[in-house]
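Listed after this line are the structures, all set down as structure tokens.
Both complexes shown next keep subunit A, but they swap its partner, so subunit B is in the first and subunit C is in the second.
Coming up: the complex of A and B.
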């Protein structure tokens, strides 16, 4: 990897570790391997959102041309959010694409992602199903996102009614995550979810 | 998506193209003594005092420092590579103000003996590109009317009788770029235009009086 990329990532790594946000456990980075090519990021779900209390793991890949091109970031932890694919974890955020600027760092990227969790942009969606629910049935979206945080991102409490519906599908031999996806995208209508799963 | 977290200490100024270009700035070119810029190089790990003079791209102490009109410091090699990465969309990496090669100012510290413009160093400075200005329109000074400059005489007759004289200007297709005054071609065209003008007037008289 180009020298400037390694130098910078090393500095940024220290910057994140020492930052105030890291002290408050809002963001964190860890090394994956020892060549600074790939990192594991972590952000806490922002307060007053359905992601509150959750911890999300991110995969950060540093390209050869860093910092002139953005790092490749995606969610490893499954999340229900209009701008993040519920299937792949791919993120739709302009600063990770054409609005990248060389002065941005790991720290600002992680904070931007945290801000994205608090302020979704349903008109520029990555996951159309989530965005549709966000716009048309916002309260259900909030409950769904909270339930995903419970199932995947370590939030202790979850909606018991949703849990019952998931278990109902699991009894039919459907995997837990598969059941969760089907129910979430069918607005928790069990009959429609079954239809979608078995057609 | 428009969620951006910028550095808190970076003032967001929207300084767009308004400054005099630095392209004609001159520098004493005594390329004799030590070529290294800015003393403490490499930037040790724990030197927080130096952070004000770190390049915003490589985060190291700026070498061959340049500063943008919006006040952000860079190594010239770093900034050059950034500008090369996005030739059509040159913005400041910190505040996204419009910047360009000619709108950055090289910084010369006392320690740096070599006062060469950093922009001249790494990528050889491109030579100036000069295009000839568009020639002033109008080569029809016929009958003393066109001497003022841009006057062009169009003469057209519709249906009657044969539509012989349409626009004079496009005669021979030579009207696109009028020849420079003083050349032989200019003289010829001037003569031609006067002949045509006379013919046109004669035709008018013929129409009216016959």
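Coming up: the complex of A and C.
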């Protein structure tokens, strides 16, 4: 890997660890392996959002041409958000694409992702199903996103109605996450979810 | 020519307009091959080489640079960002120069200009990209004042150029969208291969942002076509002979417009399986049921056994395709379709599409077959000339006839998507009437060319005039681009 990329990542790694945000456990970063090509990021769900109390793991891959090209980032922790794929964790965020600037750092990226959790942009969606729910049935979206935070991202409490519906599908032999995806995409209509799963 | 007179006086059509299409220069033979100003397809274009385009662009750059007093490199960027609209730039610049420069990303919005560290000048400057200290002479900055070391700029440029980016390279600072102009980028490129690539990509960007310029879509052709107006008109590249529509860059499609032809081609691609069964090369003679193979472009078929004249498209008797009202090209819609079941409506929709598709596809095949006919005519002419029966000039009219036939059939082919999307009503009736007339005369011409040796030259030339007249009439009335 180019010298400049390694230098930058070393320095940015330290910058994140020593940052105020890291002290407050809002963001964090860990090395994966010892060549600075891949890192594991972590962001806390922002307060007053359905992600409050949750911790999200991120996969960060540093390209050969860093920092002239952006790092490749995706969510490892499953999340229900219009700009993040509920299936692959791929992110739609301008600074990770054409609005990247070489002077940006890992800290900028982590903080921008946190800001994205607080302010979604449903008109530029990564996940069309989520974006539709966000726009057409916002309260259900908030409940669903919160329930995903509970199931996947360490939030202690979750909607018991939803839990019952998931269990109902699990009793039919469907995996927990598969049931969650089907129900979430069908606005928690059990019959439609079953139809989607078994057709 | 009396034989081809219209039988229906109600139609808005006048034979006397005919001579006007060619202006006063009309003298016969070859003149009708050259489009004149009254020709509905006339379009004034110039085919330029890279060097000529370069010169043209540089003239604009120089003019703007002089009129608003900015460097040529910034002027070029401004022109590119404003689609080469000098008038708009100059007017805007006189009103509020900062707004124009900022909106073109030539300079930063006033509020965000990086503060000159001033007093810090004695202190060292750290490059935010490589984190190294920069010697004063190694600092590179755009109009925004964000400082980076020249090595980082170079590396950034090489990475961007590798990804095909040239005119769009921005400052490396966070949230700064100031663009790097040519005279900043090029001197910082160390390897000649990058300089070359940059110039090449930037040139394409400039041509693409210029409303009067189009790359010729011909394979490996470097010609750039210039037209004063961006219209859906025919361009024939002088270098590679590719024909295309100036506006959309696709194959020429008059009388259909760009959007309609795109819709049609998408539909044909989507429905290709449904339409596939049509590609038969043989049909049975409707009278004696002998299997007839189609080996020419002409759709006027004659069974070689029973001599029955029939139409390849509809298998109807050819005699009804002549002077009488010609029904073959027209699709007869079921007037009660709105009251039928959804299933019946779907079937009707498919039937209608296939009617137009079949004819579109058939004329495309005829074009190819007629190309073969042309090759045969050429070979035979060659033999005649060698045998001393006349010169090339004596037989040139046959080649002209074949070229005219191709041109007319091409237009005819493109009338089918037009008719498919045309709403029912008097306009569609008129269109289909003219389309039918054109089609009938084209098949007559094709028939005569295939039997050229038996056809009288004067008769053939009459037929050529009639066909081209029908084509021009249709385009004059319906080509609205």
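Convention: the second predicted complex is superposed on the first by the 199 of 199 C-alpha atoms of A that agree within 3 Å, B and C clash if a C-alpha of one lies under 4 Å from a C-alpha of the other, contacts with A are read in each partner's own complex, and residues count from 1 in each chain.
The rule is simple: contacts are C-beta pairs under 8 Å (C-beta built on N, C-alpha and C of every residue); 3 or more make two chains touch, one makes a residue touch a chain.
Since the model is a prediction, treat every value here as computed from it, not as a measurement.
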* Put subunit B and subunit C onto subunit A via the superposition and say whether they clash or fit. => clash
* To do: Please tell me which partner, subunit B or subunit C, touches more residues of subunit A.
  => B
* For A:196, is the partner it touches subunit B (first), subunit C (second), both, or none of the two (neither)? -> neither
* To do: With the two complexes superposed on chain A, say which partner A:187 touches: subunit B (first), subunit C (second), both, or neither.
  => neither
* Check whether A:115 is in contact with subunit B, with subunit C, with both or with neither, and answer first, second, both or neither. => first
* To do: For A:57, decide between first (touching subunit B), second (touching subunit C), both and neither.
  => neither
* Asked: Which partner does A:8 contact after superposing on A: first (subunit B), second (subunit C), both, neither?
  -> both
* Residues of subunit A contacting subunit B in one complex and subunit C in the other -> 4, 7-8, 11, 65, 67-69, 101-104, 108
* Sites on subunit C touched by subunit A in the complex -> 128-131, 146, 148, 152, 155-156, 159-160, 170-176
* Using the touch rule from the top, collect the residues of subunit A that touch subunit C in their complex. => 4, 7-8, 11, 65, 67-69, 101-104, 108
* Contact residues on subunit A for subunit B in the complex? -> 4, 7-8, 11-12, 14, 65, 67-69, 83, 92-95, 98-99, 101-105, 108, 111-112, 115-116, 119, 121, 124
* Structure fact -> Within their complex, subunit B touches subunit A through residues 1-7, 10, 45, 56-60, 72, 78, 81-82, 85, 89, 91-94, 96
